[in-house]
Every structure is written in C-alpha cells, then in structure tokens.
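After the structure tokens below, expect a handful of questions from me.
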Amino acid sequence: MREREIREGHGSMVSRISRFISDFDNLVPAYALMIACVALIGLLTLPLLTYEPDQIYPKTLNPSSPLNPYDRGGAPFTAAEVHAQYPENAPYIGYVTGYLTPLSRFFAATTQYMGTTIVAHPGGIIDEILYYTRGLDTIVETSILFVAFAVASFLYRRREE
Amino acid sequence: MIGEIMAGDHYLPGIAIICVAIVILMTTFFREYDDLHRLILTGCSEVVALCIIAFLATDLAEALILPGLVVSLAELVALSEIYINKEGLGLVPAPDRTIEVFSSAPPIIAAILVIYGIVLSGFTGGAVAGVGLLFYYLCLDHKERFALLETVSGYAWVLWVFAFFIFMMLPAYWFFAVMMAGSAIFVKVTIKLALIGTMKPDQLLEETDHV
Amino acid sequence: MIQYILFALATGLLFHGIHRKLIARIQGRPGPPVWQEILHTLKFSFKQTWIPDTASEVHFVGVVLISIAIWILALGVVIYEGSVLLLFAIYLLHKIVEHGMGLSSGSPYAKFGAIRSVISAASELPLFVTILLIYYFTGSLMLSDIIQWQASNGPLIIPAFPAAVAMYLIILSKMHFGPFSIIEGKEIVSGNRTEHFGVWRAGLEAGFAIKTYVLLNAFVLIFLGSFSLPVLVLIMAVILMTLSFVCAYCPLLGPYDTVTVQSLVTGVLLAYIIILEVVL
Amino acid sequence: MFDLPIEGPALFSIPFGDIVDYASPYTLILFLFAALFTALAILSRPEQHADIIFGEDGVYTGRIPGPENRFQRFMAIACGLAAMGATVSGDIFNFCIFTSMVGLTCIGIVASSGNRHVLNAAFEYGIVTMIAMIPLFGGAAIVAATTGTLSIWELAGGAIAVPFVAKAFLVLGVMGEGMAPFYVAKAEITRAQGAPYILMIHVSSLLIFLRIIEIIITI
Amino acid sequence: MSETLYLGLFILIIGVFAVAFPRNREYLTRLINTEIAAFGLLLVFLSLSETIALVTFVAVNGISTFIFVRIIERRQG
C-alpha cells in the first residue's frame, strides 16, 4: 500500500501525474497504454479501412508450377513482368526475377515441391525486391544487425575479460 | 490469383483480430514490472507486428517481413546483453549437458542446415545456416577465432554494399550483383548468428585477448 | 539582411531588459535599466575568455556558433515568409543547443541544467498540435499563405484560439524567469550556462535575443497577420509584457510538473482537434 | 518532384530503385543538422566528467577509458548516419527502418556505461523501442495495404486517403524509437559520460520526430 | 485456405492471451506461451503463401528462443 502511494503520489492531480511519469519504471506502462488506446481507435474505425486492390508487387499463384508459390514468369536473361513503384528507376527490372541458376532449374525439373528453395536461391522475385528495387532497406537492415552485434559483443567481451 | 483475392476479403477481420491482440498484450505491459518478463513479452509483440505486415499479402509483404525479423532479432540480442550486464549476472557453472545426442548429432545437423542454407543463400539461408552453426558451437567445445569471424563478416557487409552500388549504377551487370549480394548477405548473417552460439557464460575466451 | 539581424539583435536584447525590469517592478524591486542586457552583451564581448579544462573543446565552442546560426536562419524564414514547419523545427533544434551547452562543459551544475532541459522537452507536444491546427484552418504551412489567408478571413487567432494559447505557452516556456524555465533554476547555479562566460556568453545572449525576437514575430505573423515594422514591434512588446506578468506572478514549477502541464494542454488541444474533425 | 505548401518545393532527389530520397528545404536543413553533429562527434573529445563526493570538498574529474570512448564514438557516428538517412528518406518503410536503427544505436551509445542507474534506464528505453515495432512497422504495413504504395511522393497532397490509425501508429512508433516526448528514461541516460555522443541521442530523436510530423502532414 | 488463416489468427489470440494471463508466472512458461502465438503466425504465413518468410521466421525464432533460454538460465543459475 505504501509503495503504491509512493508510486502514484498524492496531492493535486498535476503532482500525482508528475510523480507517475517521473519514475521511469512507469514508462513502459504509459507507452503501452497509448498503443492500446490507438489500437482501440483502430478497432472502432475499422470500417473506414479498405484493402487497396491495386498493390505493387502483387502475388499470383500457379499451383501447377514447380516454382509455386513464387512463379512470377520470365525466362533466364529476359525480363519478367514486375509491377514496381518506379520502374523507370530500375532499367533492368524483371531480370533477377526471371533468372534461375542451373541448380534451381534442376530442382524445378525434378520436383514440384521445392518452390521456396528455388526462389530463395539467387534469382527470383524476393531477391529482386530485396537487392534491387528496395536495396536500401536491406543496407540499413544489415547495418542494424551489425550495430546490434557490436553492442552485444562489446558488452560480452568487457564482462568476460 | 488466389493470393490477391484472399487478402482483400480477409484484411479487415484480420486487422480486427490483431487489434484485439495488441490491446490484450499492452494491458500486460501495464501490469508487468519484472524486467525479464517484459523482455519475453516484447518477443510476443514482435510476433504481432509481423502479423500486421503479413496481412499485406503481396510479395512486398515478404520483403518487409525479412527486415522486420532481423531488426527485432538485433534489438533482442543487444537488449539481452544489456540485461545481463545490468543485473550483473556473471559466470554460472554450465549445466551438465552430457547427453549423448549432444555430442554426436551436432556435426550432422549443422552440416545439413549449413548446406541447405548455402543453397538458399541471402537472409533466409543465413538464418538457417546460422541456426546450424549455433547449435554446433553450443553443444561442442570450440576454439573459434572471434575477431577473425567478425572481420570476415565486416568484409561481407562491404561486399553487399558494393553489390548494391552495382545495381544502382551499372544495372547491366545485375547478374554479378545478385550473386555477390546473395553470398555476401549469407556469409554476414550466418557469422553474426553463429557468434551468438559462442557467447557462452562458461567459456573464457583466451583467443580474443588480442582484439 | 545584415541590418535586419542587427535590428533583431538589439530589439531582442531590449526586450530581455524590459522583461527583467517589468518583473522587478511587479515584485517591488527597482530592477536594472532596460538597456542593461545590451550593455551586458557588450561587456561580455570584451571580457577574458577561456575554455574550461574539463570541457569538450570543439563542442563547447560549437554550441555557441550553432545557437547563433540556427536563430539567424529562423529570422530568415520569418523575413522571407518561409515554412512554419521549418521555424518550429529550429525551435526544437534549439533544445539541442541547451543540452549541448550543459553537457559539454563537464561541470556538474551545467549537467543538471542539461538533464532538466531533457526533461522539459515535453514542450514539443503543444508545438506539434499547434502546427496541426494551423494546417487544419489554412491548408498551408507557408507563412506567406497564412498571411494571405488572414488578409481575407481575419486573424487566425479567432478560429484557432487554442493553437494561439499553445504557442503562447511555447514562447513562455522559453522566457527567462518563467514558470517553465527549470533549466535556469537558482538551485543549480546558472543551469547549463554556468560555464559559458566571456565571448561565449555574449554569443549565447545574442542568439537568445534573436530567438525571442523571432518567436514573438512569428506569433504575430501567424495569429494576427502582417503589420508595418513599428506596429509589429509595438504588438510584440505588448505580448512580451503579458509574458512578463505571467513570469512575475507564477512560481517556478517542479521539473516534472512542467511536463504534466504541457502534456495536459496538448491533450486538451488534441481533443479540440478531434471534436473539430467530428463536428465539422 | 512535388511542391506542397508545407515545407517548400523538393530541391532534388536521388533514386534508389523504388526508394527515392529527396530533399526539400526542410529535410535538407534537418539533414545538414544531423551531418553537423556527426562531424562534431567525430572531431571533439569527450568532456572530463566531474564528480562531487558527498561530505568532502573534493571534486574529481575523470576521462572515459579508451575502448569505451571508441565504442561510444562508433555508435554515435552510426546514429548520425541513421538520422541522416531518416531525414531524407522518401519511403515510409525505409524511414521506419532508419528510425529503428536510431533507436538501437541510441541504446548502444549508453550501453558501455558502467553506471547501473544509466543501464537500468537504457534497458527500459530498449523495451520501449522493441514494443515500438508494433506501431512503427504496423503503421507502415497498414499504409501499404490501404493505399497500395509506400512512397511519400505518391501519397503526398492527400490525393490518396491514409487512414488515421496508420498515421497515429507511425507517430507512436517514432515516439517509442526516439523517445521524443517521454524523456524520463532519457533524462537518466543523460547522466552517462561523453557529451558529444550523448548529445547525438537527442539530436537523432528530435530529427526523426520532426521528420514524422512532416510525413504525416504531407500524406 | 481461409480456414488455415482463421485457425492461425485464433491460435495467435490464444497465444497472446496465454502470454498475457499466464497460470504460473515462470519465465519458461511465458516463453513457451510466446511460442503458441508464434505458431499462429506461422499458420498465417502459410495460408498467405509467404513461405520464405515462414522459413526465415522458423530459423530466427529458434535463435531468439535460444537467447531467452540463455538469459533465463543465467538468471536462475
């Protein structure tokens, strides 16, 4: 009870709130409360949201293809059809999507169930987006990984030495 | 065309359910004052965040999920080290791991995962191979060269940035750029994740003194 | 431009002097003469100057230059009727100057000032809502458009009264001796200005004088409209006097009380915006 | 190129595929500010930390040890680069990633501090940055799903309605990553040593906050 | 495939609920409850045919679980 009093403060409304926010243990609850409020608003205004049917990089499924679910067409060293945001900024768009390495062509010819492996192998739509059209995202992302490991290994080494 | 039609039809119910999940999860943060519990709860919030992205249901969604995954993992790695440091959780005797499978299985499992990771390449491959190496390092004694591995990973990162600039400036050479990017990111992610396996509490690293 | 900067500098310093004089009179003290701040700045310019041994040298000096530079930039935005958003960005970047001033010297008192300046950064929130309200009414954030809008629709202060209150609060939180100036509380000596003296102090005073001028000028331009220079200065002086009254009568708030008050004002304003959205 | 009456005309743009970085007078000044403070972090040495021991007359000063200093500087530079990227990014998701990099590097800057109190605050801050992933990436994903694009240029001018929830989520996310208005934990973090680096935390968080305001008014 | 989708969402909600209101407040219990939610997410990935994300998530989730277990081990050790 006493602890609760210290945590929530007493006196006027303003000083109660001040007491609450001045303890950084209450930071996470305060932030979580705000997110919960916005999520509730989102729930209430849900009918206002509409899914835009005209998306960039739309998905097409072709269950009979050995590349399923990532068959986006295109032959090696020709451009496949890719609906990017600014195709004019990427003159060779679609080439990565269409490309299959010899190994993935072997997989595609042999079995129907290796679609994910084939597309994760160099070439394919995901590589097109991650390396080419949205390559900057990937740069930042690998940098984040780099920074995080710098922090972790710095702390680890300092502790263990 | 199944993907598109489905996403449009189920977007609103999906978001509604996720909003409910967010509200439930956030009320937990309101009651939880234990630091480690909070850390575990953030793991759950990452799942919810990825679920919102997944509902985009295009190829773009996956291109957004992969960075999201990596960011959350990176933050978790950094925060966990800060937690250990701030709580002063020092060396603890290693739990007795003399289980037979732990000495025989690692090389095989690690080899399978690493080979499959090489085939996949890129992030996905890096993550898969990283799990394999992590398992290997975790179970067996090792004398890895911490500094050497980090250097290799740094060069791999530079290689990937170089590949990105080929894409931007000399797009005609996209083929080399794809190969370079795929392998560089693979190497980088694999090494980073494998290093987690080497961060064991019961191991003092003699090898890293010269760093 | 250069004569305008000098004018703004002199007027701003004079305003500071009037501010001090008025507060002193309200509190029953004689107070310094109104041109005291101008003399102060001149005096500091010729006094001995050095950098404390504990300080981070480049930073210690850089902060002073940055402070002058950003407020001259802000003055340029006001004169050439640029974007209000840019003006407010500079207002927020001023926070960095405050932090930097306190942190760079290595003195514990200055550091306390910097820590309090970090706490008091909640004054960003009313600012944010002010921008939203202005944009809601005028559909533009360029000062020229806002002035034109007022020429045809009357002063913005009438429809957007809450925004004016919020911006008044923002200016108030930057005034010396005000209820929100926790970074200069006397219990921490001179707060983050403790270690800056000599030319550095003169530079800071100059930057702050331009700041006061720009903020008052922007308030008049945004909420009342465009006036000829003498009228403009007169209106600014009147607003300054109301600020001095508030500063003289209000005690210094506790550090976190300032955060609470400013957040509450923001909450009220947000509610006002939401009501506007729903009703209109 | 666009010319909205919000921040002035776009001055120039640098295309990186789908992500087009652009500079308006507003974002250019934010960018230069980030660059300036990054340069300051590179150039200046940290201050000597003065400690007054209670019950004594002595004031003790101390320098940050070498490895800590190098690490802090590295983190501060990374933080500055991330802030620079965030200020000129023309893509909402790209901005979000830069923002989360800012959050992570901010923790990194104080992580080397040995002070338990500072580490506690840094941990709380870290938890908030991890929770902030929900609103930040969630907001970006809702924008993409309801408008079919992530480019700020396409969304600018209100031609395509961006739902209120998405905007609110984005603001909340940036608040969490940069801790812009909740300075409670940050005030504690400020107690750590190394002025040029600690200052970078504030610079970056203010810049991303200013940028998100611009973004949500623009779209 | 929409059954899979809703099953995934259902499991996600159950997982989140279990994380939010655990029967016994042990670190490991909570971690395992988080895995329930993660399983729901996997089903969502599967039904939306996002299989690369699925594979990566499985791998990354394994690593993050390892990190959690490592801290919990230290905490209790």
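Read from first to last, the chains carry the letters A, B, C, D and E; within each, the first residue is number 1.
By our rule, a contact is a pair of C-beta atoms (placed from the backbone, for glycine too) under 8 Å apart; a residue touches a chain by one contact, two chains touch by 3 or more.
Keep in mind that what you see is a predicted model, and the values were worked out from it rather than measured.
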item	value
Intersection of contact partners for chain D and chain E	A, B
B-E or B-D, whichever has more C-beta pairs in contact	B-E
Per Cα centroids, the chain farthest from chain E	C
Distance from chain B to chain A - Cα centre to Cα centre, in angstrom	13
Computed distance of Cα centres, chain C from chain A, in Å	41
Whole-Å gap between the CA centroids of chain B and chain C	46
For chain A paired with chain E, centre-to-centre distance based on mean C-alpha positions, whole Å	17
Residues of chain C touching at least two other chains	259, 263
Touching two or more other chains - residues of chain D	16-17, 93, 97, 100, 104, 107-108, 111, 120, 127, 131, 134, 142, 144-145, 150, 184
Chain B, residues touching no fewer than two other chains	2-3, 7, 11, 15, 20, 22, 27-29, 38-39, 48, 50, 55-57, 60-62, 64, 66-67, 70-78, 80-85, 120, 123-124, 167-168, 199
Complete list of chain pairs which touch one another	A-B, A-C, A-D, A-E, B-D, B-E, C-D
Residues of chain C that touch chain A when the two form their complex	254-257, 259-261, 263-264
Of chain C, residues touching chain D in the complex	53-59, 62, 66, 73, 82-83, 85-86, 89-90, 92-93, 95-96, 99-100, 103-108, 111, 114-116, 118-119, 121-122, 124-125, 128, 131-132, 135, 139-142, 145, 259, 263
Residues on chain D engaged by chain B in the complex (per definition of touch)	16-17, 93, 97, 100, 103-104, 107-108, 111, 116, 119-120, 122-123, 126-127, 129-131, 133-134, 136-138, 140-142, 144-145, 150
Touching residues on chain E, where the partner in the complex is chain B	1-2, 5-6, 9, 12-13, 15-17, 19-21, 25, 27, 30-31, 34, 37-38, 40-41, 44-45, 47-50, 52-53, 55-57, 59-60, 62-64, 66-68, 70-75, 77
Interface residues, chain B side, partner chain E - complex	2-3, 6-7, 9-10, 13-14, 17-18, 20-21, 24-25, 27-28, 36-37, 39-41, 43-44, 47-48, 50-51, 54-55, 57, 61-62, 65-66, 69-70, 72-73, 76-77, 80, 83-84, 87, 89, 92-93, 95, 120, 123-124, 127-128, 130-131, 134, 138, 193, 196-197, 199, 201
